[in-house]
Every structure is written in structure tokens, then in C-alpha cells.
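You will see subunit A twice below: alongside subunit B first, and alongside subunit C after that.
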Partner chain A sequence: MNMPISGKPPKKLSLKENYALLTRGLGWETSYESMDKVFPQCDFEGIKIHDWDKWEDPFRLTMDAYWKYQGEKERKLYAIVDAFQQNNGQFNVSDARYINTLKLFLTGVSPLEYGAHRGFAMAGRNFKGAGASIAAQMQAIDELRHAQTQAHTISHYNKFFHGMHDPIHMFDRVWYLSVPKSYFEDAMTAGPFEFVTAISFSFEYVLTNLLFMPFMSGAAFNGDMATVTFGFSAQSDESRHMTLGLEVVKFILEQDPANLPIVQRWLDKWFWRGYRLLALVAMMMDYMLPKRVMSWSEAWGMYFEQNGGALFNDLARYGVRMPKYHDVAAKEKDRLSHETWGIFYNYTHAAGFHTWVPEEGEMKWLSEKYPATFDKHYRPRFEYWRDQQKKGERFYNKTLPMLCQTCQIPMGFTEPDDPTKICYRESHYRDNKFHFCSDGCKDIFDFEPEKYVQSWLPVHQVYQGNCFRPGTDPTAPGFDPLLEVLKYYNFNVGKDGGEYLDSEDKKHWEQWTGKPGVSI
Partner chain B sequence: MTDSVFIAFQTNDDTRAIVEAITHDNAAATVARFPAMVKVDAPGRLVVRRESIEERIGRDFDLRELHLNLISLSGNIEESEDEFVLHWGN
Partner chain C sequence: MQVDIKTTSVVQLRETFSHVARHLGSDKPASRYQEASLNLQSTANFHYRPLWEPERELYDVRRTQIEMKDWYAFKDPRQYYYGSYTIVRSRQQETMEKSLEFVDKRGLLRDLPQEIRNAVIFALVPMRHLEWGANLNNCFVTAYGYGTAITQATMFHGMDRLGLAQYLSRIGLLLDGNSGESLAHAKTLWMEHAAWQPLRRLMERMMICRDWFELFVKQNLVLDGLLHPLVFRQFEPRISAQHGPALSLLTEFMTTWFDESSRWVDATIKTAAAESPANAERLRGWIAESHSEIMEALGAYAAELFGEDAAGALAKVEATLEARLTKLGVGSTGKAS
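Coming up: the complex of A and B.
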């Protein structure tokens, strides 16, 4: 085919034209079946979309550039993971207490990455507009990458420390892991518009900076180059996802004024659900990093109040207001991490990671960061626990707690205006009473009770006898229900959880590194 | 007070030139350094210019290379071959 080439070669496409061909150029109107039958989930949430072509693509990353840059990120990450392993980097972290953040991350966060992969694959299938569909599909690939890189990176720690041997099994069963699991499954069982508003906007844009910025910077500060690298590598994708979230919300709001009340309700709901989930991050930052970068309270001020505040100011032109109960989150910011760590200190014998009383130097840091609350409310409790421990009476709470029906966290949070009084709320529905940790969680239940009465609450399930391995006989002599539940979780009983000072992790750390198990 | 936009990068040799270019082009930008992370805030608007980066690194630069070292950002995005802009408002 030796056609003579006439004139100049065709002009290189601009970024915008190139991306338009990838998105709009690949979409079409179906003819054998109606569009409504092909995309059956696009309408039931009540969101009205009149013109999908008004969709503005957030980042114009075409496929050639996507594979090129993602490939580079992977090579860089795995080179660092190799170097980390070859240099026994696991022994260069601040001390073995730090490893417990990785246990929580691998069992509580990495499965959410995989959930996001599934969720965005479904959202990509269900959107009628090609632009939104392609953005969601690319995000689905990113999320799978995050789940894989996190499992690969942390698997090296699994060779040396307890609690990281079976994260997916644990995610589906363990009491505190039902908090992230139920959060994500709540989003995945909503429609496609609520899902992306929940995950891309409320979680990724508004809240994940709190996890991936100060916490990952903290990982670097504690000497864990492997984790900071997968964290920042994931977060570089996250920037695209966040922008997708903002674009989705703006697009929905611009399409029809009737969409505003629906979106505002989602923003209220998913702010509160995400904020409750981040209680785990608050405790990681203030208690579990032996070397600290910033406090939860400071991070909340910087990333939610300041950066998130700017975002909501910008959205005010669409009639959007700040999420309901953001003022309660502000009141709780000097208490959240302390109350959450207290809960885990109580129940660490039934957890897959260790807890401990902060050292004197750490309590000094906490006093400085929390001048209004720490010395008054929390230091005396830690000192009491420390004294008990010295007498050989380390406190473990043997009674299972009441869980909040919505967020599934044990009901240990306090009244917004009284940090000495536990906050209880309840609703009646179909002759049953349901319990909540907060007005935020109660509101969510009250709007969709049929959804939340189905919650798989770990404590209820334990008491109903549903958390034992097959063949377990509760009538056998000497039957120990707690032990049997921990076996059902596939924990190494007595090694994965419990007091850090008594742990095999600490003993091994001291043997293998010659360094003290508590670095401060 | 104008609300800030921000962009954050991993701290490394690639991003040193990028951050220098940003502070050169955005007089009001402030730089905060954390372990392994550098965060640049600017009131209302922040522009990343391809040419300014190229002047500093001495080679061609595709602005999409920002993705390699990007950690997070805030603001609405305007993206072209020459500029990457973050801003609040229309």
C-alpha cells in the first residue's frame, strides 16, 4: 500500500482532543435495547442527569500516559521494597510498637482498597456517561494496585512479627474490623451515585488526607521506608480519585436543582460515617507511632477544618453547606484518640495487635498537644492502669461491649458537651430497640432503618453462637467461649494481641536487634 | 481571608525543582516540610508552569509527570499542556 504521503503529517492532538476521543469517542447510544434497560441503576436514587456531555474530565490522563506513569510508580516502589528487605529494614523502625500500626493497616485498610476496586468496577459499569464510566474504571484498576502493593510490602513484616498472617479472613470476622467492613459495604450496596459521592468525595477528598498525609509521613519518621512508599504511591493515584469525587458532586449539582437535597443528605451521612471510621487513625497517630509527627487534633485542624472548610466554601455556590455534625467532630477532636485507645487497651486480648500505656515522655507530649483534656481526663486513667500493671494486674475487660448499630464501634464515646459522660442514643423500630454512639449515627439509621437492622454486629453474633469454628461444642466441659471466638478469627491466641510489654514481638525485637522494646 | 489551595509532593530530587518552580511562579505560596513530604499552600490559586520546571531541570517535562511524585492536592483543576492550575471559585 504505497500511497504517496501528501503534505505534512497530521497535527498532534491536544491533550483535550486526545482525551475526548478516548471518552466521548468510545461511548454510544444503544439501539437493540433502550439505554434505561442497559443502565438500570442510573435512576432509582432520584438523581436527575439531563446531559452527560456536560461532564468535565478531572484529569486528562490518556491510556498511554496512564500505563507509562503507573508502570514507573510500580518500578520505583518495588525497588524500594527490595532495598528495604535486603537491608533488614524491619529492624530499623523506631521500635516494635510501631509494627502494630501495620497490623491494623493490613487488616483494616488494605481490604478496603480491594472493596474500592470492586465498587468502582461496578460504578464504571453503571454510569450512562462514558467520561464518568472511564474515570471509575481507571480508578478500579488503581485500587487493585493498592491492595496488591500493600499486601506485598507488609508481607515482609509477616515473616518477623505476629498478627499479619490472615488479613482477609480476619476482615470478614473480627469485631473491630467490622467497622471498616460495614462502612464500605454500606457504600457498595447503595446506588452508583451515592457510592461515588461516599467514597470519591466524602472519603477520598474530604477525609483520606488525614490517613495518607500525616500517618504516612509518620511512617517515614519512624524509619519505615517501605510503608511510606506504598502509602505515597497510592496517594498519588488518590489525587486523581479525589478530583473525580469533586467533579462528580459538581456535575450532579449542576444537572438539576432537585439533586441538591439528595446530595446534601449523602454528604451529611458519609462525612459522619467516614469520621467515625477515622477514630482508628486518630489513635494510630497519637498513640501507636513511637515518633510523632503531629497530633490528631492538629491534623483535623489542618486537613478538615482548613482544607475541607475551603472546599465547602467553594461548594456554597451550589447551595451545599458544611456536613451536619462537623461541629461535634470539632468538639471531639481533643478526646477522640484517647477514648479510642482506651477501648482497645480494654480489649487488646481479643484484638490482633498489641496496646500499651504510653511512656512518661509520651504522656508529656500528649499533655502539650492536648492541654485542655489530657491531664484532666486521660492521664489519671493511664497512671492507674500503669500501677495495676506493675502489681501484675494488667486490666483486660472480659465483658463484651454494646456496639453502635450504625458505625459498629463499642459505645465508648462521650457526650459532645460533657467528656465525662458516655453518649447513648436509641431508636425504636419494629418493636426492637437499637443503640447508637451519637446523634450522627442515629440519624443515619433513622433515615434507612431497613438497611441497618440487617447489620452483622460482631458482639450480637458472638452471643448468638455464630462465631465459633464448625464442630465447636459449647456444651463441652471447660468450654471457653472467648478462646473459641479467637480461634474462629484465626488469631495466634496470646501472641497476636494482648499487652505489648508482655509480648513475644517485644521479646523478639530485643533479641534480634539488641535495642530496647520501647525506644523512648 | 482567601481560602488556600495546596499541592503536596514526595520529598526527592525530582520535586525539588518542581517546588522551586512553583514558589517562583506563585509569590504568595508557602512551603511546609514534613518527613518525606513537602506541602505548598497558596491563597486562592496556584499555578504549576511547564516552562519554569524545564528551566530548572534542563530537559523537556510533560506536566503529567507530576503524577509520579504527587501526594495530594485541593482545589478545582485546570489542566493544559503548559499549565496545571488549582483554584477555588469559577
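Coming up: the complex of A and C.
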């Protein structure tokens, strides 16, 4: 160990050099145990990586800098959350109907942040290159941040409003929450490369502006200072994650031409999976925000058709084409939110949030935003429902819907070229028939049927008797299966879901704020 | 005179989330640590078996032989959730940055005698690779462990290890004038030097361990419990006693960190051991197995660091660990004190 180390004064390191020195050489080629045993998940998906050093670190964050920046952000965020709580900021939102977006967010999105935390830890452990591993690990800890700060921010709302008191329990059980749950578990149960392509690229890079941002902009428009502060605070994390998403796909594609068909198939699959998940966001934007930011159709046009289109143009040099069925999404953009809200209006008694018929002014907004479809197809239905409601006959659908085997949304979407006809597709596999809402969902199933036959479909599970609390006796006199399922969900029956106009949330809002609620 | 500020008379519907209340036994005010940790991980109705492990669920208690009735019985005495964790570390890194600047400006490491600089490089800089291994091991526990109570803490702990690897690299850069030569040299030592090979072999063996709790025990309790005190409580004070406190300034982070995180490691082990005699037995088995392996692996390394005092230094850290284990109810005597 007589290496000559000079005692000369140090040269100044650039950020890039500093990062490279502190990070790049940390890993090593193992020899006492084979690399394949140490990193057992690196090969089975068929992705070929020849040189992990070609990975371009998108963040170049060392841990000390990470602690410094993130610690500072947390100090500021919690100061504002504390002030919000002290000042009863929950009563400053536009209207209590807005709170329902938070219920959807906390039960449907926050658990995904947690899943991302664990999923990126898996990816971080499985990548052979230190640079890629660290990028994944930093996202893993960021996603934990998001899950926890969301719980802390929305915790205060939970003290005053119904429907968000048991988010993880609900996420694991409630019928519509199997849509986000199965989406994320699909990614996590795939290999590390598919996971990062699905989540970092398709989800974070292509679709974040259509998922996370609409909720946060909705919060800003509707006076929810706590959530919007969280949103701003998370924005810098999100932009790091988006950068990682693009780097992941470019890196994989540059490593070997044989990777292209695998990646293209993932892009097709995860575009459609993500797009179907966004049905929940579409209805939130068009129906659940008392003060609207923009319509789903506008958002899709701006964030996917324009920005996404430009992105895929850039990627064309790698041989990547637009994801399959993007044209179907374009055809559906004037229908998606209305069809989805219709489904939830039907089943709101079995949901953890309220629904309602839009007020007259809101219907006018919908007519303006959807001139080709709203007045023709959807307004008459709302007016009918409104009349029924005025007669005291608010419509609740007491049967259970058929679900799509892949996306798990009730089969309520219509044919790409006919908005009046429900779209049904089916496949046969091992003597069973499986049903799909779309060609996109059918394709995904057909490529990996052995995976999607496993789907825990809430409706099937209810009918099979798997959605009752332990000890429930279905033969007892007066047994009410729906009520028992809601108890299994741990719903406060009649408070957590149902028509907004009849809700305790509305009553409390008027009592506590003195502000008039909406009516029909 | 008492002054009461009037606020709106609104009756809260509940104090906390139901999943937190179930753990606390009733609906009562919960801390941020509790709301950030308790029952945060999915436990039921998983959709697909992992392609990478079809015999298990996505989250599955069977990935370790340790059994718990409640995986949220584990508590972090530091009550770290993301916010409290990053705020504490951001303060510590400020202090560390000042120390690095101070030592750099005065050339305190660069001006040490060559053989001392070489000794410091030999002892500390290849350890960056060992810390990287510790990072990956904790990342493994975070990925495949069960229950947020443990996995969030191992997430933080894993990132700490990356931080340690980078601070050790900074010490190398202070010694080589930012050329990176010391890092390259340390890599060669790590890959080839006889005294480092048993430790590298040990680390690679741990990296293929598939029982996450076993890995937790071997890495965070036994290896760290022997190696960190050996380097930062035995070796570093010897250097500083002879050549001034420069190195102490630069390893203060590591010593504070070790004391702090040991409290959490100990609490975790204690909880698992107290759960059942079978757990305690299992833990004792893992500890005994890795204890002798690690002592053996440390022999040649300690001899390089301490020369003829190696046996004494090793005996000291072994006694410290033994005392710790006894306190936790997993000592070789098998009795909790």
C-alpha cells in the first residue's frame, strides 16, 4: 500500500465529477458469488444491458445534498400544514363536494405512492449498475415521502369529513379501488425493467400531468391550501422522477436493438393500463371539482396528444412508435368522464365518496366543453336522474356490474365508433371465457393470460362469498349481502357513500361554515 | 389573567384514521409517526403472483422465518418518518460539511505523514464498498420485508449507508487532493488485497441471503456491531491521539449515526425476540453463525490496522457486542438481563 498520494492542494470538482467520484465506482463485479446470484432478476425479462456505465444519471444528487434539500422542503411543508390545521383551513375550500376528490385521492392514489416506494426499492436492489440503483432508491424514498405527507395533509380532513378514515383497508377491498390496486400490482409483480418502464416512463413521464397535477391544480382552484402546498412541494420530486423515466427508456433502447420489441410492447400495455386508470381522474376533473380547472378532453388534448405526441416523435429515432390504441383514447375523450361518472352515480351507495347530479350551471359548462356529446348523450340522463331524485326516487343500482378482466372497471365504456353501444370483448383461455371493456384490455390479457386470470375481481369475489367479515353467516335470517359487503369494506354505512345531497358531509358543511350548500 | 382565544365550535368526528385507531386500541389523537407508519402496507387480496417469485404473494410474511402476530409491534425509538428523518439528517450534514471544509482548508489530512495517510486510506476508503453493500442489503429488506414499521426504517437506514459510503469517499478525496486516486486504489484493495478479501467474501455472501430478517440481523446487528466500533472507536482514536483530531471531525457523523441507529436496531431485535421463544432461538442461531464468520473475516483486516494490538481491539468490540446481545435477550447465555 505504498501508493504515492500527493499532498498538493485540491483541485475543485464540478458537480458532475463530484457525483461520479462519490457514486459510480461504489459497485463491484462480485467474484465470491456470481453476479447472477447477487442480481437474480436482471435477465429474465429478456432485456440485454451490456454496459451499465452508459447510464446517464439524471439527478446527480449525493446523499448530503438530498438530505439538505429535502429536509428544507419538509420544514416548510409541515409549517404550512400546521398553520392550516390551526386555522381550520378545511372550511375554506370551495364547497364540501370538493372533499370527495380528496377521498378518491387518499384511497386511490396515496396507496400507489406507497406501492411506488416499495417497487422502486425492488428495482434499486435489482439493477446491477450503481447509478441506476441509486436513482431508483432515491425515487423509492421520495415516494415514501409522498405517501406519508399525503396522509399527514389529509389527516386533518379525515377528522371532519367521512369516507377517508380507512384508506389502506379500503384500497385492499373496495371494488373500484381494485382498479388502481391491480394496476400497480401488475407493475410490481413484473420484472425490474418492466416496472421502471411502466412507472417511471409510462406513468411518471407520459401521464403525470394527467394524474397528479389535475388533483393538485384542483386543490389550488378550490382553496385547499394544505393539498396544494403538498403538491408544490412534491413538484420538484416529480420533475426528477420524470427525468428518470425518460432516461430509463433511452438507456434500455440504446443498449441493444433486441430490447426494442420488448419495450414497445410494454409501452403499448402501460399506456392502455394507465389510460384506463385515468378514467377516475377524468370524472374527477369534469364532475367532482366545484371550481373546474380544465375539461378532461382539453387535458388529454394538451398533455397527451400534443406533449405526448412530441415525445413519441423524439423517440422515433429509436424505432419507437406511438402506443397502440392511442387513437381509441382520442375517440373516447369526449365520453370518458361522463360514462365513468354515470357508473359511480349508479353505485355510489357502495362507494367511499358521494356523487350527485351536476347543477344547472355545471351542466352548462359541460355542454360548452363537450359540444358534440354532452347535450346529445349525457344531459338527458342527468335530467332524468334529477327528476327522479326530486320525486324522492334517487336511483341506486342494486345489482353488481360485470368487470373487465384486465382494468377491472365495470363494463360501461362504449364502442370506439359508437357512443350508444357498450363495448364488449372476450377471450377463451383454459375452458373459461373472460370479458374485456376494450381491445386494449383484451390484448393485454391475451399476451399474458396466465397473469390476468389471477385478477382478484371484486364482483366475482362478492358473489363467491369472499367479501364478508369473518364469522358472517349468510344463512342468518334477514341477511343483507350488500350491507355485509360494506361492513367488510369498513364503511360507515350511509355516511361514507351515497347521494351528496342526503349526506352528513353536506349537513355538517352548512352547519359549520354557514355557507349554503348546493341543491337541485 | 388567562386569555382564551375563541375558535369555532366544531365537533371533530374522529381523532385519527381507522387503521391507526385499530392499532392504538381506540380512536385517539395519533402522532405523525403513527399516522405515517401504522398499517400503511397492503395486506390482502393481491392480484397477481410475482413473475420473480410465483410461489409467494407480492407482500408475504413467509419471506422470513421470523414470525410475528403483528408486524407493527416494531417501533422506531427515533420515531422517524420521512419528514423527521430528513430534517435530522439535514442538520447533521451541515455540521459534517463544515468539518470537511475546515479540514480541507487547513490541509489537516493532506499534511499527515505519508504512512498515516496510507493507513487511513487502507482502513477507511475501501469501506465505501462495504457500505454500498450495506445499502443494497437494507434496500433488499425495504423491498421484500413485511410492514412499514420495519421497511420505512430500513429505507432510511439504507440511504444512510449510501451517505456513509460517500462521506468515506470524501475522506479519500481530501487525502488525494480530489484526484480520485485514493478511490481507485481503494477499489483495488477491496478487490485484491488479502486483508480485505474475507470481508468482501462475507459481504457477497450476505448479498445472496434471501431471508430478509436474517439479512437484517447479520448486516445491521452483527457486522455493523463489530466493524463500526472497530474502525470508529478503536482505530480512529489511535490515529487522532497521535496526529490530532482531524479524522475525529470527519468521523463524528459515523459515530453519532452508529449510536443513534443502534437504538433502533436493538429495539427491533428485542421486539422480535420477545415475541416468541422460537424467534429468539432463530435470532440466536443467526447471530452465532454470523458472529464467528465475521470475527474470522475481521482478523486479517484488524491485523493490518492494529498490528500486534489487533487481538485486543477485536476482544473489545466483541465484548461490547456481547453485552449488547445479552441486554436484548439474544446473547450466547440466552438470558435477557
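What to note about this one:
Convention: the second predicted complex is superposed on the first by the 508 of 520 C-alpha atoms of A that agree within 3 Å, B and C clash if a C-alpha of one lies under 4 Å from a C-alpha of the other, contacts with A are read in each partner's own complex, and residues count from 1 in each chain.
Keep in mind that, in the parts below, a residue touches a chain if its C-beta (ideal position, glycine included) is under 8 Å from a C-beta of that chain, and two chains touch if they have at least 3 such contacts.
Everything numeric in this text was worked out from a predicted model, so none of it was measured.
In the superposition on chain A, contact of A:E72 is made with both subunit B and subunit C.
With both complexes superposed, C is the one of subunit B and subunit C in contact with more subunit A residues. Once chain A of one complex is fitted onto chain A of the other, the partner contacts of A:H152 are limited to subunit C, with no touch recorded for subunit B.
By the touch criterion stated above, A:K421 is placed in contact with neither subunit B nor subunit C. Contacts of A:F212 after superposition: subunit B is touched, whereas subunit C is not reached.
By the document's definition of touching, neither partner reaches A:H50: not subunit B, not subunit C.
Of the two partner chains, neither subunit B nor subunit C is touched by A:K390. Once the two complexes are laid over each other on the shared chain, residue contacts for A:R430 go to neither subunit B nor subunit C.
In the superposition on chain A, A:A130 makes contact with subunit C only, not with subunit B.
In the three-chain superposition model, subunit A touches both subunit B and subunit C at residues 72. If you check the complex, the residues on subunit A that touch subunit C are 1-3, 5-13, 21-23, 25-28, 30-33, 37-38, 40-41, 44, 62-64, 66-68, 70-72, 74-75, 77-78, 88, 91, 111, 114-115, 117-118, 121-122, 124-125, 130, 133-134, 137-138, 140-141, 144-145, 147-149, 151-152, 155, 158-162, 164-169, 171-173, 178, 181-182, 185-186, 188-191, 451-452, 454-456, 461, 490, 512. Residues 7-8, 10, 12-19, 32, 35-36, 39-52, 58-59, 81-83, 86-94, 96-97, 104, 107, 110-111, 114, 117-118, 121-122, 128-129, 132, 135-136, 139-140, 142-144, 148, 151-152, 155-156, 158-160, 162-163, 165-167, 169-170, 173-185, 187, 189-191, 193, 200-201, 204-205, 207-208 of subunit C touch subunit A in their complex. Only residues 14-16, 58-61, 65, 69, 72-73, 76, 209, 212-214, 216-218, 220-221, 228, 232, 235-236, 238-240, 242-243, 246, 293, 306-307, 309-311, 313-314, 317 of subunit A touch subunit B when the two sit together in their complex. Residues 3-6, 8, 10, 34-37, 39, 62, 64-65, 67-77, 79-81, 88-90 of subunit B touch subunit A in their complex.
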